[in-house]
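Multiple structures are listed underneath, in structure tokens.
Two complexes follow with chain A in common, the first pairing it with chain B and the second with chain C.
Now for the complex of A and B:
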């Protein structure tokens, strides 16, 4: 409980520091709205032009893209800055600092590198979600709203953990992670229905790189669709995948932090 | 002039040597490029499977992106990051007093990155696409010559637009987001993500009167033979007009920047 309090306290100070320069903060938010909003607009325009994408209607694709953006923002808020910091940690002494604080080192690192800039992605995604739901004429029961929350939380966890796992090797290599590209490139596949990809890629994005569970599979529960590999099973598996991937991330962190060697700075 | 060419060559060869020592970057670049091609191919195959593409073919669309990628790696990054960092660190004071212009240094640095990206990104994509998908050749030698000319004009348009937007860093307290504005405008009005053929009429009409389509869309239309005869020359005239307007605006703003610029000692 003490650690959680410390976490929120650090995040509060980060937020205060950021809004010291309100124009710069707002400039950043608006730029992300524009860039991500235009990407979303172009995707919807593309699908509108052709009618459907792999059997998904334009507004269903917009819903999926919004979920993808939302979960990316949630995951990246916790993991983006940290994942980019791994390669510098031993050299600039950040890791030594974390190891000598009276809170768990991982929690300390996540708190001090928390990124509050993703509020732009989240607000845009929520707006687009509401718009697509109105267009689709969706009205959900209570359990479906609960599943929506579970989907976003689990999607955020899977995104954050994938990002951390792919970038963690740079803690040892002290340069760019050799497998970092699998996150950066792989996640982009998940913004569209997985069903448009060849079967081998669908298997990869359901197993080794489980980006399918970020939005595609769980969204099907809410949109009443059954696409892809074993949809009746996979559409419910996001929470299980999230728990598994948290375990793998913890294991990777344990191994790498135990073998950590300071640069002596 | 000869000295500038020598300097340009030296900057590029030095950055290539530096990059070659980081093999992970080369691996990452190639893997990422192939992933991107795979995703794009799957997306457009699924879209064309609906049969609602009009007179555009899948081969034309894939050629548009694969060949267009060669063009975009020479333009795709933003000067905002470099100028912003130079301004923040004070390095700009050193750079503007060197015996070659600051803008020449910016261009040479960008091209040094572009050479590497061409080798690690565009070439692998092109080879994979040519072997696995099939890429259309230019419709003729003449059209290819006009395409190269259109790329050079588009490069000048991009260079000037990028500079004008990037100069805003001199008035801002932070600069990381300047490139996002530039990216957003280029994507929406330049047809770099979705070719302008697929735009609704009202958006296409706006894009047609702005200069961003000259960067990649217009050269690719010439390459594919979708623009020919008098239309090509009309495009060149429009591009030259925009280059003139943007050049005047850029010079005007650069003059203001030189008065605005304050470098702290230290």
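Now for the complex of A and C:
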């Protein structure tokens, strides 16, 4: 409980620090709206021209893309800055600082590197979600709303953990992780229905790089779709994958932080 | 029961061994590594309320020792105990009772006023509101911080930031404080303020202070006990007076200002070092001529306007020890 209180306290001060420069903060939000909004518009317009994408209607694609953007923003808020910091941690003393605080070091690092700039992605994704849901005439029961929340939370967790696992080796190598590219490239595949890719890629994004569970599979429950690999099973597996990947992340952190060697002062 | 205890502690680092005769191909695909011993079989203990100066040249192993005491690094062999606990296994628990300042690193929130970092530490270190207010006000007063408490950290001078970092370190009333070069880069006034503060808080709150520094002024004014290490080995552990007595240089300097331009003193015991105008500096040896005799000799044989004697300080002693790479001294 104490750790959670410290986490929110640190985030509160990060927000306070961010709004010390209101123009830069608001400017950043607007530019992200424009950049991501244009990408989303291009995708929807392209699908409108083709009619469907792998059997998915333009508004269904927009729904999926919004879920992808939403979960990416949630995960990145917690993990983006930290994943980029791994390679500098030993040199700039961030890790030493975390190890001398009366809270778990990982939590301290996540808190102090929390990125509140992703509010732009989240607001845009929510707007696009609402629009696509209205267009699709969606009317969900209570359990489906609950599943929607589970999908966003699990998607955020999977995204954050994938980002951290791919960049964590740089804690040891002290340079950009060579496997970081798997996250950067892999996550982009997940913004479209997996069914449009060859079977081998579908298998990869369901197993090794489980980006399919970020949006595609859990969205099938809400949109009543059943395509891709083993849809009846996979569409419910997001929470299981999230728990598994949290365990893998914790294990990687444990191994690498135990081998941590501080730099000279 | 000592608060800090190190028993036969060593720490090795794995470092890349580069051989200029090997090809880059071999270096790339088959790198070789070697072990470097940063701390070598060190043992000492520190009781509650002690103020200890932990000194040594660059790369002697001071910071590595501090990092083992704070739980950042685990020793390769030996036992480290702080509050009778293994600092690596009880890092979070120990953190509540210790403070640490790495002189070249700040723990302040860069864009926010110092006051906000104080508030954050209050939550992080579970400090009760009443205790927090009393301790904060006392620290602000002792370190003369009232003027910049509401100022953003980015707008503070180095000295102000260091004072704020020190205040943070003592905010939760730690039992032990590790200060790694806390006066680095500061002007004499700020240094004095910090030294006075450390002495006062040690006296009033009984905080144990382990201080590493290259500034002998810090040591002479703050630390009663000295621990000297070099190349990872413990060279001396004892009080400051004992250190000076034991390693006092047998040589001293006599600075003679003559009333008029004069040729150098003709005496084989007087070794001229420098000469500027009417002032000459001579190196003499205590074993051959004591200070009183030297002064009498100069004053009675020459027309002297002024004479000054300069004995070796800790800095001179250390300089010679580092130069000679001595591995001397019995420990406490």
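As a working rule, the second predicted complex is superposed on the first by the 265 of 265 C-alpha atoms of A that agree within 3 Å, B and C clash if a C-alpha of one lies under 4 Å from a C-alpha of the other, contacts with A are read in each partner's own complex, and residues count from 1 in each chain.
Going forward, a residue touches a chain if its C-beta (ideal position, glycine included) is under 8 Å from a C-beta of that chain, and two chains touch if they have at least 3 such contacts.
Note that the structure is predicted; figures quoted are calculated from it, not measured.
In the superposition on chain A, A:17 contacts chain C only, with no contact to chain B. In the superposition on chain A, contact of A:232 is made with neither chain B nor chain C. In the superposition on chain A, contact is made by A:176 with chain B only, not with chain C.
Of the two partner chains, chain B is the only one touched by A:198; chain C is not. Contact with neither chain B nor chain C is seen for A:139 once the two complexes are overlaid on the shared chain. By the touch criterion stated above, A:49 is placed in contact with chain B alone, chain C being left untouched. More residues of chain A lie in touch with B than with the remaining chain of the pair chain B and chain C. On chain A, the patch touched by chain B and the patch touched by chain C overlap at residues 21.
Residues 22, 24-25, 27-28, 31-32, 35-36, 38-39, 42-43, 45-48, 50, 52-53, 172-174, 176-178, 180-181, 183-184, 187-188, 193-194, 198-200, 203 of chain B touch chain A in their complex.
Residues 2, 5-6, 9-10, 13, 16-17, 20-21, 92-93, 95-97, 99-105, 261-262, 264-265 of chain A are the ones touching chain C in the complex. Residue ranges of chain A in contact with chain B, taken from their complex: 21, 23-24, 27-28, 31-32, 34-35, 37-39, 41-42, 45-47, 49-54, 173, 175-178, 180-182, 184-186, 188-189, 192, 196-198, 201.
Here chain C touches chain A in the complex through residues 13-14, 59, 63, 67, 70-73, 91-93, 95-96, 98, 100, 102-105, 107, 109-112, 116, 119-120, 123-126, 152, 180-181, going by the rule given at the top.
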